[in-house]
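Below is a structure I'd like to ask you about.
As written, the chains take the letters A, B, C and D, and residue 1 is the first residue of each chain.
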Amino acid sequence: MGMIGGGIDSFIGDVHRKAAAMDGMIELVCGAFSSSEGKSKRSGQALYLPENRCYGNFEEMFIEEKDRQVEERMDFVSIVTPNHLHFAPAKMALENGFHVVCDKPMTLTVEEAEELQALASTKGLLFALTHNYTGHPMVKQARAMIRNNELGKIRKIQVQYLQGWLTTSVEKTGHKQALWRVDPSKSGLGGALGDIGTHAENLVEYITGLALTEVAADLGKFGEGRALDDDGNILLRLENGAKGTMSFSQIAVGEENNLAIRVYGDKGSLSWHQENPNQLLVKWLDKSAQTFTPNSNNLHKQALAASRIPAGHPEGYLEAFANIYKNFAIHLNATSQNLKIEDSDYPTASDGVRGIKFIHAVVASDKNNSTWAKV
Amino acid sequence: MGMIGGGIDSFIGDVHRKAAAMDGMIELVCGAFSSSEGKSKRSGQALYLPENRCYGNFEEMFIEEKDRQVEERMDFVSIVTPNHLHFAPAKMALENGFHVVCDKPMTLTVEEAEELQALASTKGLLFALTHNYTGHPMVKQARAMIRNNELGKIRKIQVQYLQGWLTTSVEKTGHKQALWRVDPSKSGLGGALGDIGTHAENLVEYITGLALTEVAADLGKFGEGRALDDDGNILLRLENGAKGTMSFSQIAVGEENNLAIRVYGDKGSLSWHQENPNQLLVKWLDKSAQTFTPNSNNLHKQALAASRIPAGHPEGYLEAFANIYKNFAIHLNATSQNLKIEDSDYPTASDGVRGIKFIHAVVASDKNNSTWAKV
Amino acid sequence: MGMIGGGIDSFIGDVHRKAAAMDGMIELVCGAFSSSEGKSKRSGQALYLPENRCYGNFEEMFIEEKDRQVEERMDFVSIVTPNHLHFAPAKMALENGFHVVCDKPMTLTVEEAEELQALASTKGLLFALTHNYTGHPMVKQARAMIRNNELGKIRKIQVQYLQGWLTTSVEKTGHKQALWRVDPSKSGLGGALGDIGTHAENLVEYITGLALTEVAADLGKFGEGRALDDDGNILLRLENGAKGTMSFSQIAVGEENNLAIRVYGDKGSLSWHQENPNQLLVKWLDKSAQTFTPNSNNLHKQALAASRIPAGHPEGYLEAFANIYKNFAIHLNATSQNLKIEDSDYPTASDGVRGIKFIHAVVASDKNNSTWAKV
Amino acid sequence: MGMIGGGIDSFIGDVHRKAAAMDGMIELVCGAFSSSEGKSKRSGQALYLPENRCYGNFEEMFIEEKDRQVEERMDFVSIVTPNHLHFAPAKMALENGFHVVCDKPMTLTVEEAEELQALASTKGLLFALTHNYTGHPMVKQARAMIRNNELGKIRKIQVQYLQGWLTTSVEKTGHKQALWRVDPSKSGLGGALGDIGTHAENLVEYITGLALTEVAADLGKFGEGRALDDDGNILLRLENGAKGTMSFSQIAVGEENNLAIRVYGDKGSLSWHQENPNQLLVKWLDKSAQTFTPNSNNLHKQALAASRIPAGHPEGYLEAFANIYKNFAIHLNATSQNLKIEDSDYPTASDGVRGIKFIHAVVASDKNNSTWAKV
């Protein structure tokens, strides 16, 4: 694995590296960790990389790595830069034959996202998008139960992703994470919408297996002087006639990372909360409520496969994130041996395109006084 | 107290009687418990009432009670009939000088609600609406904290009221509670909307002290053949610029009585869940989260006044309901002695009018493809 | 019902009256509410009792009430005085043919408790002990599941009853509730042990249907200058070979009324917490955990019978307390009509004797350096 | 790092490797993964180790590693074998100048534990014991608050460690984890006592900073034919006069890994549950209860240092385990540079000796009919 972005002081770069390393299937071999060559090299050194594999920019990295021996060169690149710096390196990676792992949202525009999707497809290369919350065992259990029709026909969704860290205008104090997220030139059309709303959207589609077809959105910009949304409330319609609400916010004061989803079918319902991720509560039409936990009795195989340690030993954010990398690595290994795998089970370019379409539909609805917009 | 409706087998009649009796301030002295005279008398007898005060209809009750001696006759009437049978007895009660306690929603139309409000005002009579959830100590604590500006300026609301008992078409099996609720001639314009959506609306306005000004609504009719909504998703806007979502449902399979609210200010936020009503969770911008409980340290006086027993001894639905009656009785006593009271703290005709306006706005928005409608 | 004790300002007197009144089966007709005649009369007046039925002492009450007409006189007496004032009025009540409801612990000595038990039996009179926590629907569900062998053979118990209100020496500030509880002449051998430890002991025996046979106890007196325990830790052995722990305290700072029990069989286990009483969590050897709630699917009839309102509408302390009175009243009615009832389901003199034996065994073990003592 | 034990199929070996690797400070360079040379080599290969550093036994490993160049050879050894195989390799490691990380309980006898402690001290080598639960941020917050006297004088402890996986006699079905744990020749004097009871003991002493001085224990052997305890109930006394209970079990059916502790001072109390490790609930004498979370407001520096990712992103078992290795590695680095560090903050040989003394005291008390035994 090579990495683009994620230099010293980057939160998400460290997360990606820990996640990629966790199962001993992926080794970091090179990186363009910063647009400053000096910082990139310092970052690489701190990670015990040889100096000649710490590149000053991604173009150089692709060119040099391409010429290395197969056994030595990176297999794939992991792109962990801010949103506006996803498209160019991803495109160049694919053009040069490297598989891609990319942070979300995939790109700034639908056209870019579709171009990457098409390119990966044409080249026969893998493209993973790190919608990390789909990596939790109990999220996989939820998806498997619905796919297996245990909840019946889905009727109703509630999803929320609430944070409070932008309650005050911390970007004015130079807060690095905040600065680029409130800047349209770096974040794209969506603020909180792109940063966390897309996680909520992806979680709905991943768990239910249903496409969001229409949204009616009311975005808020509560922080003084913000150009992008820091809060949103959305009505949802799904392809099968189900309806729902989404609420996301980065000004929900006191909330840390309160991502939660409830799905109601006509036979049963489920709820899952990211802050207590090792429980899946399922309620039934005519039975007592049940609580499922990782590695416990009666789970679907996808949930079991996503658990590393015995029941009752909590797994968290990093382990779920690592499941994206693990399933990607398994797929990569299979592909390199020309094997097919039944269900690769990680988010792909297709999820990325959906996310960008969602962002655009929400913004369009909001601008049009919350009238329904097609996703 | 006299009662209209609430005969044998009525769930809500029994609740009203237990709630009214709890604090020893109110005595049931007569009733027109059913439109069948026989059933009314049997119901009254089971309640140890003398036969001559078990009336065959409410008209008769008002006429006869009016002629009784002051110390003997009922002071006020409690109306616990289905929605379509609120207006006529309430109007006649007021016209005959009786104070009124009325179940919600107040009436079928805005005009009726406003007529009752005006009549009560003109006659100088009290009118309580049993939005019982406002009776919980922790709801009163929430309201007092916001009124005291502890949470700062309110920005965001999430409210939900989820039940699952209409998941299947139980009305087709003769289910008595279901039958009138799915019938527009008895329920009015709203199904779940009127039955539980109005509780959610009232809770928002009671806790925040802010008026809902606009709604964009998407109602669902998931039960086969239903004429009224059994599910709804609504975008909310409040008078001060706050935004939010409301979700209510009676087809949320597995849910029992999941009413919950979250309110976010710019200094702090709170959340309260009806199914675990003795906790109020408050999160802060820069302090650890706190949990308040009834009769515990540092509560506002309104919350303390609403608690009957020591901290840690749970109070529930009946106790909260009883608080409506208790505060009404306190006001009634004060009024009868020509005393003024600072804050009567129970829902009134004004809340009733708001509820009916809310129902009409939601239905209008839903019919108009979810465009914003003024409340 | 006549009442002994429970005058103005008494917490528990008000609770008993509300509980007794809740189901409309019991009417308060007289009382000796205080050892001060004036206070007794003022208390009775505040309860709308006629002056001639507010007695200055219990002896007078029994004598006068006995002479009243059957339809007018009290059926039974409710004794809500401090512990040292249970025996004498209970004995006199039984001798004069009145049924008894008595607060716990029953008496100060085993001999007194056994004398009352024998007297009630000889006279054919009912004797209820208000171990109110057994009135919760989910406690009844727990008992019914174990009785039905759903959890298999019981192996392990954990029970705790934790309060913090005696953390500091509030008795030195004149705190009325505290004063008599820390006084051996009024409380008996046990402090927290008698006040709340006996509730824990009774809950174990009620839920499991098994007798505690041995205890090894280590009592604490943490409050400065206290003569009685304010904290206790106990090893438990049950008649069937099960083992366990009990922990109770009134110096567990921050705790309100944290009574909780866990029972482990060889097929399943359950846990119940008084502060959130409307959930019973059941875990299984080979199935997912289940949560039961009052009035929901698949409950045993005893749990259903103890629920008043629909699932999801919380019932609390008063409702559970009222279930003791309700079941006592049902039994009384049946008895007065010479009917037998299958399962009277309220705590009796037999539970009272067990409680006093438990107190004595715990104190004996503690004095003997925590060696095992037989209950 | 070299590893002893932890071959293919070992649960705990994989955990140790993931934990050691997480922060990029420790590299696995060799191992004696199994007493079967073939299995050791296969295990090492699967971990990408060169064949010549996969040893057939630990003696060989120490001899060969000792002769390697400093920059290449292992710095320390991690011992993850069953209990009876801790002493010999730990002793040989220390004798040959290698630092040691060792799984708990440290040894089978107090003499062995003290010998290792003395040897490490004499040689100036580090010795870490993997009481992994002390690695949780909220456990560190708990310890820091008590050390800082925020809870006042500690009076009462409740600790439990409940599992259900030995409810049935799974050892008879060949269950590998169960087989050695129920075998006194491999586990030592304690069954569940040594396996999980020592974690509970260590957690009490780590959080409170107080030594357990006396125990009165009642052990159970519920599984048919078991020679060692699978359940235990213990009264605790601490050096400062505090009292408490410990309950541990591996036959607590339905429990997964329910380790929990409550500590009561005279100013405040705290509770922490391993299955939901990212919350620390603190209750106060005269303020509302507070909930602390990792990386949130107002934490002590030790808790902050133990958190890797932002508040609301759950960390779990592996991250806490990794904190033991991380702090050990920091200490090792400091030591190798002859630097002193203020607070090394990981469990050491001293904790190991305490654990073995605890096991022996508990067994002695149990054999002596639960009389108090000194730890």
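Points worth noting:
FYI, contacts are C-beta pairs under 8 Å (C-beta built on N, C-alpha and C of every residue); 3 or more make two chains touch, one makes a residue touch a chain.
Everything numeric here is computed off the predicted structure, so don't read it as measured data.
Copies subunit A and subunit B of the same sequence differ in orientation by 180 degrees, per CA superposition (steps of 5). Centroid analysis (C-alpha atoms only) places A farthest from subunit C.
Between the CA-based centres of subunit A and subunit B the separation comes to 43 Å, rounded to the whole angstrom.
As a whole-number value, the distance joining the C-alpha centres of subunit B and subunit D reads 55 Å.
Between the Cα centres of subunit A and subunit D there is a gap of 35 Å.
Residue positions 255, 284, 289, 293, 296 of subunit B are each in touch with at least two other chains. By the touch rule above, subunit C contacts subunit B in their complex via residues 11, 14-15, 17-18, 21-22, 24, 47-48, 163, 255-258, 274-278, 293, 296, 308-319. Considering their complex, residues 284, 286-293, 296-298 of subunit A touch subunit C. Across the complex, subunit D meets subunit C through its residues 152, 155-156, 158, 160, 164, 167-168, 216, 218, 220, 222, 231, 233-237, 243-245, 247, 249, 251-255, 264-269, 282-285, 289, 369-372.
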